[in-house]
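If you scroll down you'll find the structure; I have some questions about it.
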C-alpha cells in the first residue's frame, strides 16, 4: 500500500488539491470565480456520465455488471439505516436523517479521483460502475426523507408550531429533477446512444483535457475545504470521529460484499469508494429543501471538510490495497 | 414621480423560481434580481458555493404600498422556513 | 455625514456605456454598477441571456438633490424608449 | 433521409440539445452560469471564423467559392423582402421588419451543427461557406432598418409622439461594431493570415475540443429553448406556422439557386441551412437598438424556440437528403 | 416589522475579508455581499478587471441604529485610506 | 529581425491581441465576461508553472540554470533602484516606488508570448527560466515597500495626517500570499513532483489547448489595453516615454549580463523579456495595499497600456534578433 499511496500523492490532480488546501490555510486572496467552479462541476458530471455510457455500450451488460449493481443497491439501502441508528441518540433526528442520506449517497468527485487511480494502477474498473454511482445517488435520500417525515409526524412540537412540511410529492420531484442528478443520468444515456463515432468526436473534450480540468476543480475543492475546516469545530468531536470512521466501515462492508461476489480489483475498489464517500452535491441540494430542519453546517461540513479529504488522501489507496489483498 | 415602496429580499437561490411564481399569482409581475449573492445571517455563512446550493439571490421590487403589504404577507412564512431577509423602504419612482 | 439622494437605475445592459457618457457630460462622474442583472417589467422577462443582448445592469448613484434632478431629466426619455426603471430615495453619506 | 436523420439524432451534440430541452421541461434547477454560456458562444464564433479563414487560405478563391458567395448575396437580399411582404398585413410593420431581418440573416450555431453533419456524412463543404455566413449576416438587417425608417416617417403617429428614432449613422455603427459580428469576421481574418503553423498550434483548441464545447452549448440552448417555449403561445398560431414554413421555403429557394449553379452536396446543404436559419444573436443585438418598436418576444422567440430546434432536428437532415437527390 | 438602518458599502474587493472580520469583532455578524461590482469615484474607474485587483464589492447590512453608528465609525478610516463609499438609509425589517 | 517580427505578427495569439485592440478602439459591445477572463489568467499561471516544473525535473539543475538564476536576481535588484533614481525627481516618491516595483518585477503573459516565440524560432529556452520568472516576481516589490516606508517616515506630512501605514509584517504577508504568486509557485512545485506520467496526463490541458486559450486571453488583453489607452493622456509625456524606454534599457542590461555569462539564444531572449516587462498582475495586487498613496492610474496604465503592447509587438522580436547577433 505504501507505494500506492505515494503514487496517489504524486498525482497532479491530488497535488493541486493539496495546493488549494495550503493556499486556503494561509488565507491567500486566490479565488476561482464561482461561475467557473460551477461550470467545472457540470463538466465533470457530463464527462463522467458520457464516458460511463460509452463504456456500457462497448461492454454490454455483463455478469460482473449485474453483480456490481446488486451490491450497489444493497449498500445504498444498508448504509443509511446503519448511520441513522448510530446517530439518532447523539444528534437531532433531522440531522441524523440528513447525515444518513449523505453517507448512503455518493460523491462523484471522489469516484472520479478513484477511477483515475485504479486506471493508473493498471486495474481499471468496468463502465457499469458509473451506473452504480447513479443508482446509489438517490435511495438514501428517499429513505432519509421518509425517516424525517416519520420523525416529524411523531413529534408533538411540529404539529404545535404549525409549520407545513414539504409534501412527499414535491420532495420526490426535487430529488428526481435535481440538476446534478439529471445531468449525470442524461449524459450516461447520451454516451450510450452516441456510439463509437460520437465517442471519438467527444474524446478530446471528455477525456483529453479531463485530468487538467479535474486538477483545476480539485484546486477549488482544496480552497473550499480549507474554508469549511474553519467551521469544523462547531460539529464537535463525535461527528468528526463519525466522519472518519464511517468511510472505513462502509468500505469494509462494500469490500466484504464485493469479495463474496468475486469482483475484480478495480471494480471492488470503486465499490468501496462508493460506499465510503459522502455526497456534498446532490444530497444538500435535495435535503436543504426536504429536511429544512437539518443543519448544513453539520451534514455538509462532515462530507466536504472531513470525509472528502480523508478519502482522497488515505481512503482511495487504502481500499485499493485491501482489494488487492482480497482478490488480487 | 410617484411615491412607491422598495421591497428588498435576500433569499436562497433555489427558492426564487417558486417565489416569483407566487408573486405572479398575487398580481405582482415586476422585479429585478441579482444572482450569486453571498452573505451571513441566522443560518450561518452562505454563497461562493461551487454547486450553487447555498447561494443567495437579491430581489428588488418597486410597488404600491398595498402591494408591498401583500408581498410581505407572502414572504414571511418563506423567510422563517427557508431563510432570508425582507426590508421595506420608501422611494420615488420616476415615471416615464 | 451629509444627506444625499440615492438614484437607482435598472437599464438594458447595452445602453450603459452611452448612459454613463451622458452623465459624465452632465458633470456626474461617480456611480456603481452591477452587471448580469435579470428582471421583469413592462417589456417582459429579461436576463440570463447567453448572448448578453437582453441583460439588465443596475446602476447606483449617490448625489446632491439637484444633481439627482438632472439625472432624472436625462434618463426619462431613455427609460421610455429603451426600457428600465429609476427610483430615487434618501440616504446619508458618510463623509471620510 | 431516414438514416441521415437517425444519424443526426445520434450525434452527441444534438443529443445534449435534447437533454437540455428535457431538463428544461421538467423545470430542473440545472443552470449553466451566464458568464460561461457567453464564453461558449464567443468560443464558437472564434473557432468558426478561424477555421473558415484557414480553409479559405488553403483552397484559395475557387469558382465554387464565387458561386456560393453570389448565391448567398441573392438569398440575403431576397428573403427579407419576401418575408416582409408576407408579414406586413398580419403584424405591426415594425415586427414585420424585425422578423424579416431575422430570417434574412443567419444562425451561426445552426450552421455549425450542419457543418458537422455534412462532414460526418462524408460530404464536407468548402471554407468559403463561412465567408457566405459572414456575408449574409448584415444585409437583411440594413434592409429591415431602412424599411422601419420608411414606415416610421410615413406614420403620422410617430411624428406626433415626438419620439426621436435612432439616426441611420448610429444604426449602421451598431450593426458594424456588434461584438458577435466583429469576432466572427476578425477570427476569419486571423485564421486566414495565420497560415499552417498557426493552424496547427490552434488546432486542439478550435477543433479538438470543439465538439465537446458545442455539445455543452447545445445543452444550454436546450434549456433556453425550453424556457422560451413557455412564452410561445404569446406569438400566436400564424407566427408559429410562419416560423416553421419559412425555413422550408427559404431552403427550397437556396436549393434551387444552388442546383442551378452546380454546387456540391455539402455546399448546397449549408447554403440551404443559411437560407433556412434565423438569427438570434446578431439580429436582436442590432434590432433591439435600431427598431425599438419591435417586440423581441416575437422575433427572438420565433427564431430561438421554433425555427432553431426545427432546423436542428428536422431541417438539416432534410436539406441534406434533398441536396443528395438534386446533385448527389 | 421593526425600523432598522440599511448600511450600504462599496469597497475594494480585496478589503472585504478584513472588513467582515472587523465587523464580526464589533458584534455585527450579518451582511449580504455582491461581488464583481464596477464603478467610478474619486480614485477613478474600477472593475471589469481580469485579475480581480481593482474590483469593488457591494455590502448591505441591516442593523439597529446604534449598530449602524459603530459600523460607520469602523469604516470611516478604511474608506479614506483604501477608498469606497458608505450610505445609510432607513427601512423596515419584516420580522419572521 | 524583419522576418522574425513578421512571423511574430502572424502568430494567431498576437493577431487576436490586435483584434482585441481594434474591437476596443471602435467601441464595440464585445465583452469577455470577467469571471472567464479571471479563469483564463489563472489557467495561464497554472500551465506556465506546471510546465516549468516538468522541464526542471527533466533537465535537473544545470550550470546554465544557475547562471540564469543569478542573472535574474541581479536584474531584480538593479532595475528597481535605477528606476527609482530616475523617477523620484519627476513624480511623487510613492508613485516612483510603485513604478520601480512594476518594472523590477515581471509580466507572466509577456513571458508566455516570448516563450512561444523562441520555440517557434527553433531556439527554445530552458525550464529554469520559469524559475527565474518566479524569483524576479517579489524582490522589487519588497524593495519598493521599503523605499515607500522610508519616504513615509521621513515625510513630516504623514506623521501629521495621522494615517497609520500598513505594517511591514502585513505587507510581507500580502506579498507572499498573493494568489497569482502562490498559484505560479505552487504549480511549479506540482509540476516538479508530478513526474512523467502526471505530465502526460496533464499535457492536453496545459499544452494542447494552451495556444488557443492564450489567444483568447490576448483578445481580452487587447480589449483591456484599448480601454486603458483612453486614460493614457493622464500619465503625461514623461511617463509614456519612460514606459517605452525602460524596457529597452532593461533588456540591454539583461542582454549584457546574459552574454557575459554565455547563455543560449533562447535563454538570453527570455532573460531580456523578464527584464523588459512590467508587472500588471502581482505588483498591483500588493502595491495597492502596501503603498496606497501610489496611483494605479499611473503604474498600472504604464505597464498595461504602453509597455505590454510594446513588448508584444516590437520588443520580443527585437530582443530575439539582438540575442542572435550576440551569441547566435
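Chains: A, B, C, D, E and F, in written order; residue numbering restarts at 1 for each.
Here is the rule we use: contacts are C-beta pairs under 8 Å (C-beta built on N, C-alpha and C of every residue); 3 or more make two chains touch, one makes a residue touch a chain.
Computed from a prediction, not measured in an experiment: that's the story for all the values here.
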Shared chain contacts [chain D and chain E, defined touch]: A, B, C, F
Count of contact steps on the shortest path from chain A to chain D: 1
Joint neighbours of chain F and chain D, given as chain labels: A, C
Most widely separated chain from chain E, with each centre as the mean of CA atoms: D
Taking each chain's C-alpha mean as its centre, the one farthest from chain F: B
Mean-CA-position distance for chain F and chain B (Å): 45
Approximate Å spacing (C-alpha centroids) for the pair chain A, chain B: 33
Whole-Å gap between the CA centroids of chain B and chain C: 20
Residue list for chain D, restricted to those that touch at least two other chains: 27, 29, 31-36, 38, 180, 204, 208-209, 285
In chain E, residues with contacts to at least two other chains: 14, 34, 36, 52, 89-90
Chain pairs that touch, as defined at the top of this document: A-B, A-D, A-E, A-F, B-C, B-D, B-E, C-D, C-E, C-F, D-F, E-F
Contact set on chain B toward chain D in their complex: 14, 17, 52
For the chain B and chain E complex, residues of the former touching the latter: 8, 10, 34, 36-42, 47, 56, 58, 72, 75-77, 79-80, 85-90
Contacting residues of chain B [partner chain A, same complex]: 12, 14, 36, 44-45, 48-55, 81-82
Interface residues, chain A side, partner chain F - complex: 10-12, 15-16, 19, 22-23, 26-36, 120, 204, 208-209, 211-213, 215-216, 219
Chain D residues touching chain F - in the complex, by the definition given at the top: 33-36, 38-39, 42-43, 46, 50, 176-180, 182-183, 186-187, 189-191, 193-195, 197-198, 201-202, 204-206, 208-209, 285
